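Shared chain: subunit A. Partners: subunit B in the first complex, subunit C in the second.
Then we have the complex of A and B:
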């Protein structure tokens, strides 16, 4: 599994991680096409850069928790944890009850903005050779490395109050 | 980090041996991760509420501007800067011509015939050479400096009537070129114009003054001062630099800025300056486009003292690494900052002749009209001193075997017609008979994107000639194509059977080398001549142009000219407009009904060549000419 390190001191808020995520989830992985179709819920970014009350930029990314609260709350069976450790959502099964959205401690289980009611969440780019958000990061804020673990793969650096994931 | 590759394998290999220098080929990898918002054109930095970036969750800037408005503003600013740059060259050339006419600049008029033709074309009168030079230059300068609400007068002499009618209908006939650039800046400032269509019409307007004045007019005036191109064979590549001479590399776009130096070096007095420091003499080496201009006109000026064109914009760092160059003189753009540390290491003197091109470690010696010969003597003396110093310091010289010695050059709108026997009809007949399937202009810059340096340019050109399509080239594309051998007659072997037969019978290559990017203006004149001879409008013409590896703002202004002229333009990489649905649709779908031009984007060389062949075949079919 890939561990994602997020160095808050290096985030400039450029949001290219968000664009990279959109492109990775668009049909032909083209920036132009993904942007043009950006209104389509299916290719909204799964990660985002948020601001804290005191103006600190915080990239929010799925932790793929060892004991995922979203998965525990899922009643349709859409969410599952694969052999590779990533928690993924099967859109065909998801009914959009959004119990996962209520349960996620990191706030990164997102309701689809339009179209069919369903969950949008990070799939860890499990089927890609790299993580799209990390590949799009210019500043060195996001970094990925392969590790032997089954969850809790996001680690924040340079944060006074380290956000604890679940599990 | 691995080197970015070049289509020129000899160059790639040479760069790999130079591990002690840092070049664009190294830095390309370091800059690989690009900002998606910048690529799409949807980042607005115009006010303190920004920068605003348009996303699905934030579809408008703080001011309320949409992606369409933001893209339009950014794009118009880029085109305005590109247009301004070419107009700067045009103005400098006109001022030189005027100064010669006034007897202030002690420089020869090398082509009185070109001047006579120009004076006749613009109906300026004048009885002596000097008077004609003044009158033509005054006419050009007057147009450039007109206010925006006064139309430039010479436009109507330079394009077919159907273009004038189209441009008048669209309201894009340019007023004074400099005023048009000025108001483009006003228009694109904070909380001014937000209408993407109005801004795109302004882009086309700037395209017209860029093409007709920045490109074509500059060429015509430089032909007067430096002489007309004559078809001949010349050498290209790093091998042109002979370390036994004092070598001055030239960079920029204004050929006549070098008129004094060329005159001095043609004289025994100039060569003596080099011989005095133990060299065989002093020579000029073409580094960027102004070298292409020298190559193009070397049949008329600087024949013996211009060694040849070394390459293009992204070969300059490697050229300096050879150690064969003693001085770089730069008067305009395309001189990379990256040469500065290499020049320091190799003890190469860097000189700029215009503050617009001032590099941080270069010495600025302003080119003043009337003092051309003093400046020339000063520069050549400095170069000779530098040569002696470098030799005594024992600099390492390592010039690789690179380039070709049989490149066909000197091709212009006039020399081509002369070569064809006085008219473009033989070319049309070859197209009509199907022996040549069409004509494509592969033009403009080189970049390191699109697979590497010149990779798309060379691959596309190979695909085109294979399909019996004749390629006309101007700009850095030419430097790349010449250095891989495609501008040499032996490249005919790579062409399809029809084109190969034509090339072999005439002893020409399948890629015709028009020289610098300014010669895009010459290729558009060839297109006009073809349209006139076929009695068709520009949009009907079975010609496609491509800037496969466009680099910079000037290229976008050139592209706007092509689209205003009604031509179909290909780019491998989309300009930063694709964040706007309105502008993307305008350029790629709606333009045929507006100017007759069309833009298409395709990064794959095979698909591009297929599409171009199809577009040309369709146009020929529409004209009922056999394809």
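Then we have the complex of A and C:
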């Protein structure tokens, strides 16, 4: 699996990660073409730059948890953890009940924006030679490396102290 | 070690997988009156022909073989001998157990109303129910669904999706999904369903089913005096837990078998999980049922670990979470929105998103601004964070992703 390191001090909120993800998950990997075809609305980034209450921007990425709550909640069998460790959704099986969305404590399981009801989530770019979000990041915030693991592959750096102690 | 599981749905299969992980050598025997695996949450799709029974299977092919489960389907368990540790099946077979798990679910009940018993009335709880409906619904002129809970609403939507011309939905409460929505969102849903061609009768009840001379249903009579023509009636207004196997042994039982944090019943070496149970709910701090799929899976896993000699606990367990999408609007409900504490404050936040969709959030907070319950309408992408906030007693302003707890995300627009 690939481990993704996210250095919060380096995120500028430019959303290039979102753009890279959208391109990778668009038909023909071409946003321009999708825009022309009118299919742009159906393409949603699996990662997102969220807004905090006081206006800061924070990148949210799927952790491919060792104990994935999305998969635990899935009633259709669409979600599975592959041999490569990534938690992936088979859109043909998914009925869009969104119990995964309801259950993800990180807020990175997302409903499709249009078209057939289905979950959109990070697939780890498991079938690509690189991670699209990482490749698109120009600030050094996102970095990827190959590691031997079965989950929990996102590590945040420079998190603010929550004042809630360790763990 | 002989592990016997009665039932083959969400809780039972989760337990079987977990037991196998914990104990590679033990015998895992699964008995069920069902003859196949299927997701109950998809029965409205099967009933309307949008999914086949096979497609409603939530397990991958070869599941039983892969997990070493001795699968005995089509067998109804008729009794349990707790002293001799034997389970008796309807075919006379006796199965010995060291640890037993009851995941027998619940069944739909018919309202006690004149004319309700008899042909033309269906439940939607089992695959058989769904397949019977699928065979008959297209030939029926007027379909009346009694009960606008999750099952009733989803079936009404599915019937309109496949183009049925006459679908009526009855609900005693003033709005549909009375356990999941409050007045504002409930009224919104009622109007939405009405706009999409479902005839909504809320705040009304059935007093009788009128039948033709040949016994087929003719109409449903309402308290308000209305008479709705109906040749097909679906009862989606109540369920009863299938507790009989354990109540006859004297197990502690309310409306469901009472289980502790480890999914143990009051009987030695007998566990229970899923819709048949009641356990402590963290949001209300009360013993109650938790009849949602994710809760059943979790109970199944906790039961499985404890049956195999491990130690697991239902931490922060709640069944008060629901997700449903109807006619283009997605909704998530968390917490006891159906019985808000008088001290809670309710606030409604509405905005229109970039796609022109109406997005609303109804938030209930206590005197310390802690989020107690919430309804998300339209944009549900942060639903998991709201759920975590309710369970972990966070303030609405302290909504955060579990991955970056130091960042308080914008909760309401």
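Please note the rule applied: the second predicted complex is superposed on the first by the 150 of 167 C-alpha atoms of A that agree within 3 Å, B and C clash if a C-alpha of one lies under 4 Å from a C-alpha of the other, contacts with A are read in each partner's own complex, and residues count from 1 in each chain.
Rule of thumb we're sticking to: contacts are C-beta pairs under 8 Å (C-beta built on N, C-alpha and C of every residue); 3 or more make two chains touch, one makes a residue touch a chain.
Small disclaimer: the values here were computed from a predicted structure and weren't measured.
One more residue to check, A:113. First (subunit B), second (subunit C), both or neither?
In the superposed model, A:113 contacts both subunit B and subunit C.
With the two structures laid over each other on chain A, which partner does A:159 touch: subunit B (first), subunit C (second), both, or neither?
It touches subunit C, and subunit B stays clear.
Look at the residues of subunit A and decide whether subunit B or subunit C touches more of them.
C
Please work out whether A:137 is in contact with subunit B alone, subunit C alone, both, or neither, and reply first, second, both or neither.
Only subunit B; A:137 stays clear of subunit C.
Report for A:126: first if it touches subunit B alone, second if subunit C alone, otherwise both or neither.
neither
Where on subunit A do subunit B and subunit C both make contact?
Residues 113, which sit in both footprints.
For a test of understanding, state which residues of subunit B touch subunit A in their complex under the given definition.
Interface residues on subunit B, with respect to subunit A: 33, 35-37, 39-40, 42, 53, 55-57, 574, 578-579, 581, 584.
Can you check the complex and tell me which residues of subunit C touch subunit A?
For subunit C paired with subunit A, touching residues are 10, 39, 41-42, 45, 51, 55, 57-60, 292-294, 297-298, 301, 321-325, 330, 332, 334, 355, 380-385, 387-388, 397, 401-411.
For subunit A, which residues are in contact with subunit C within the complex?
Within the complex, subunit A touches subunit C at residues 8, 41, 50-54, 56, 58, 60-61, 63, 69, 72-77, 80, 93, 95-99, 101-111, 113-114, 117, 154, 156, 159-162, 164.
Under the touch definition given earlier, write down the residues of subunit A that touch subunit B in their complex.
My answer: residues 14-16, 18-20, 23, 31-32, 35-36, 38-39, 44, 113, 135-138.
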